[in-house]
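Quick heads-up: structures coming right below.
One chain, subunit A, links the two complexes that follow: it is found with subunit B in the first and with subunit C in the second.
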Partner chain A sequence: MSAWLYHLNALVLGLFILTAIAMVVMRQIGACMQVFVLQSLLLAASAFLLGGAPWSWHLFALGCVTIASKAVLIPWILRSMVPAQVYARREFSQSIDVSAILLSSLALLLAGYAAGIPLNAAAHSLSPANVSVGMAGLLIGLLQLAVRREAVPQILGILAMENGAFLVGIAIAPNFPLIAELAIAFDVPLLAFIVALLTRSVYQETGSTEVGSLTALRELL
Partner chain B sequence: MNMHVAAWLIPALPLFAALVLALPRSERVASALTIGCSVVSFGLSIAVMCGLQMGGVLVLIAHWVEVDSLSALLLLLITLIATTAAIFSAGYIGPEHSALRTRLYYANFNLFVFSMLSIPLTVELGLVWIAVELTTLLSILLVSFSGTREALEAAWKYMVLTLLGATVAVLGVLMLFWALHVTGSTDFTWTGLRVAASVMPLALVKTAFALLLIGYGAKIGLVPLHTWLPDAHSQAPAPVCALLSGIETTVVLYVLLRLRGVFLQVPAVHVQAWFAVLGLISVGVAVLLIVQTHDFKRLFAFSTVEHMGIVLVAASFATPLGDAAAVWQILAHAVTKSFCFYAAGSALLVSGTRSIADVTGLLDKSKITAAALLVGSLAISGAPPFAVFLSELAIFRAGIVSQHYLVTGLLAAFIVIGFFGVLFHAGNMAFGRPAPGRRAWLKLPVLCGIALGIAALPVIVLGAWIPLALARLLLHSAAVLGG
Partner chain C sequence: MAQSAALNLWQLAFVLGLSPLFAGIAQKCKELVASKRGPSIFQPYRDLRKLFAKDEVVSERSSWILRFTPYVVFVVPLVVTLLIPVLTDFPLFFAFVGDMLAAGFILAMSGFFFTLAAIDGGNPYGPMGASRTRMVGFLVEPVIIVVLFTVSFVADSTIPYIVQQHWVHPLANFFSASHVLLLIAFFMVILAETGRIPVDNPSGHFELAMVDESKALEFSGRSLALLKWGGYMKFTVLAIIFLNVLTAPWGLASTGTIPAMLLATVLIFVKVLVLVLLVVIVESSFAKLRLFRIQEFVGAAFIVSVTAMVMELLGL
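Moving on to the complex of A and B:
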């Protein structure tokens, strides 16, 4: 990979981490979705940069499918199926406050880096930084899933974890046989569709989409 | 019939049924079509079983879609439980549901069965991952079918934890592909990986193992990722519970068992120790939860966590005896647990409650339901002369022969606690003093009774007699597992 592609990819990765953290702390649900779109575009950008030289059809296709599926189709599905009031809401019920989230994200970023070191030492990948940043993205997505109590940000948390996984994937498995493209093109929109249906049912039944407040099922000790 | 055609038709039939049900006004044929397709699928699975009873591989698309003895066993179990679940659904999903909802239920049911069938049929790990992800996606709306607040909560928890698992697993799959790629091989199948495993970079293999164990472990309800399981497996309609608990967890466990064969080639991963520890923790926590539960559907759901743990422990011995016992336990658990959930669903139908305390004295109200609950509880807790008893004995024997005394001792102790826990609750429900001030009891729909009868057959028979073809299939499945 040429030097300027390498630096451009590093810039994309830096922005990727910023979007991951922003999704955890952003209170407005609509804005959280916009940041997710941005993150998916960054994932696609990284795929294009890594697939540029040497040229790789797989990565090019993966980037295109990511844009079509995650930046266009999924936001459209979630917007059109989940009631609009939900997106205007500000979520004040996060389990821990913003500074604690930022500190935790920082710790997870370091953990992602630490996890990437032995992997990069063991085998050659297209871009070692992708491995570390993707791992961190996966862990920060997990944090988002844990602290957000609203339905849409929780789903975006899962999708952000997946973005992290595929950010690693494009660097370590650039010739993965079509499966990744298939998964992103069909599985992920299906996921968004089914979860949006479920969210709508939750909204109709409880009058809100605060899934964190659903705690009726547990063991009565 | 040509075996290849039969193997293709097994998953194609439920898919066909789902497509037909997408047509408007098809609700009148919905249950008949589902039952019909399931029965034919089951018949075809028997044909495939007979063809593969002496081992061998049926190659449909080389390196992508292949069937061996172990997958044939899984196909047989999935289609069997799909058949009984379809019959039970015909009685359970009554006319109180609108035509559209009934149609959607059956369409979703068939798609779910299709997704489960695609797991044993595929041998390429990326495809297997997609199939596992599909089982989750296609069952979420079945779990939330009743639309109550509790069902929606259960579906949400199920969705979040299992999709989280799937996301972790996909990174594991990618990591394994990377490790395979480094060795110069491109055969990303169970066999290809097994061959290449010993020369893969250790750091990648270890990370992949951790990610896959967490990812797929979440889907089979390994403690501590089990919290969604009792909710989802108790809130879903009874036939869906039977599919989820009886077979969905089992097919994902099958993926872990296949992966075991790959990771066993790399001793530094310590796959046996991890399986033993996680299995024992799951069994131990599950039996304690069984003892304290107040809800009879949750009782059977916890029992599923217990049995997943038991199979993992059996697999941790990694001996031919242990593998045979594990495969036997998978068969025994699948047929018995689905029957238990039909019994629990029947109890829910006649009494209108899931609470153990509110259905005491069931024997006076509905003899069939009470008898089914008792037989199911005895069979699943491991009482003789049922199949689970024999398979658990086989596991103890395998453990002692391979000198895993501590693991076997702990497992036996936990299983005994679970035995008394299940029977204590079942005895209370069947024989206890009837709760005062109960509302009216309903009659059990005929089709539910028929489904109970059919599902009871293998539970009762398999403890005493196994058809020769099935016995051979089990033997060769264990051999496939052992490599």
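Moving on to the complex of A and C:
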């Protein structure tokens, strides 16, 4: 890989990790979604950059599929299925406060980097940086899943974990069969669709999408 | 030697003479964005002339600190100007007297005296603003330290004249992750340190909500003029550190001849102008954060700077 592509890929990865952290702390749900779109575009950019130097049409196709499914289809599904009032909301109750989230995501960032080192040694990856950053993105997505109370940011947390896993994947297995990637690309919008439907009915029943507070069963009167 | 001293004086004149103009342009642009006409871009000069001509009122109960502080605040950015590359990319007379850490500490000295003076004045809003500024200050401190760590890892030095050459040789370095993240973090630091909008509203006139401005409430006449001018110069000096040392040394003079220096003066003016416009965009599109949200803003800057350092240490 030439120095230019290498540096640009590192830059994309740096921004990727920032979007991962931003998604955990963003208060506005709509903005959280926009950051997710940005993160997916960065993932696609990394695939294009890695696929460019020794030309690999697998990675190129993967980038295109990522843009189509995660930057267009999933946001569209979530936007159209979940009522618009949900996206206008802010100030929901994360289970720990923002400074604590920032510090724990910093710890996870370092843990992810540390986890990337043995993985790199074992897998002969195309780009060691991708593996480290991808692991960190995966762990921070998990943190998002744990601390967010609203349905939409939680599903975005799952998708962020998936983005992190893909970032590792494109470096470790650049020639992964395209059919498997396509299967995942169809799987994930379906997941988003189901969760969006669920969120919609939860919203209609309870008037809120704070799944964190739905801890007890109640009879409908 | 004589040439080096002359070039140093040229740089001092640049910072001293043009910093009110940058403030005026920022103010004018902000008003234009808000669909208002706004004061002339030369208004800060008129304000300074007016204030220098006015009488000064000082409380009898205040100590020497109140009288001494305006001079410290005025001189400190000029001292830092001697240490950093303002117009030339080759080291001048004072280049190796202090590094960026020294520049940071010297700037901190003016903040220290300003804080003491605000408490000394006896105005109830002074100590309030002073303690708020200290709060922002100690939150920003780790970010600056981590940024300097990163710079010293990258360039093996914290002398500004050495650091600046690193980012563009080769040009691909400019796009390295640590460099870009470093820039984002330092830009956020500038916004916080100079009392710009996500942290403080420089055009607010409500004493209870003031962070930076309320420290100057007790000053008048020449002292106020010196404080204002010092504030303008602090912004200019931070902008020049950001642009010439951390971003890239583009547009700097590589020889000390008069045409080269004139060209550099124009180019650096344009560079600072671009940064001023960036600040105006930020100021016009964000709201001021509530006081207890400032830690989240600075926390975000800290995360960005640590990410930059980790990316650098892992050789990414």
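In this text, the second predicted complex is superposed on the first by the 210 of 221 C-alpha atoms of A that agree within 3 Å, B and C clash if a C-alpha of one lies under 4 Å from a C-alpha of the other, contacts with A are read in each partner's own complex, and residues count from 1 in each chain.
We adopt the following convention: a contact is a pair of C-beta atoms (placed from the backbone, for glycine too) under 8 Å apart; a residue touches a chain by one contact, two chains touch by 3 or more.
For clarity, every value in this text was computed on a predicted model and none was experimentally measured.
When the two complexes are overlaid on their common chain A, residue A:L190 makes contact with subunit B while staying clear of subunit C. When both complexes are overlaid on chain A, the residue A:I158 reaches subunit B alone and has no touch with subunit C. Of the two partner chains placed around the shared chain by superposition, subunit C is the only one that A:W4 touches, whereas subunit B remains out of contact. Shared-chain residue A:A122: touches subunit B; no touch with subunit C. By the touch criterion stated above, A:L198 is placed in contact with subunit B alone, subunit C being left untouched.
In the superposed model, A:L78 lies in contact with neither subunit B nor subunit C.
Taking subunit A as the reference chain, the count of touched residues is higher for B when subunit B and subunit C are set side by side. In the superposed model, A:I21 lies in contact with subunit C only, and not with subunit B.
Once the two complexes are overlaid on the shared chain, A:L139 sits clear of subunit B and of subunit C alike.
Judged by the touch definition given at the top, the superposed model places A:V168 against subunit B, while subunit C stays out of reach. Across the interface of their complex, subunit A is touched by residues 124, 126-127, 129-130, 133-134, 137, 140-141, 144, 147-150, 152-157, 159-160, 163-164, 167-168, 170-171, 174-175, 177-179, 181-182, 188, 201-204, 207, 230-231, 235, 289, 292-294, 298 of subunit B. The touching residues of subunit A, when paired with subunit B in their complex, are 115, 118-119, 121-125, 138, 141-142, 145, 151, 154, 158, 161-162, 164-166, 168-169, 172-173, 175-177, 179-180, 182-183, 187, 190-191, 194-195, 197-198, 201-202, 205-206, 211, 214-217, 219-221.
Contacts from subunit A toward subunit C in the complex involve residues 3-4, 6-8, 10-11, 13-15, 17-18, 21-22, 25, 98-99, 102, 105-106, 109-110, 113, 129, 132-133. Chain contact summary for the complex, subunit C toward subunit A: residues 170, 172-173, 175-178, 180-181, 295-296, 299-300, 302-304, 306-308, 310-311, 314, 316.
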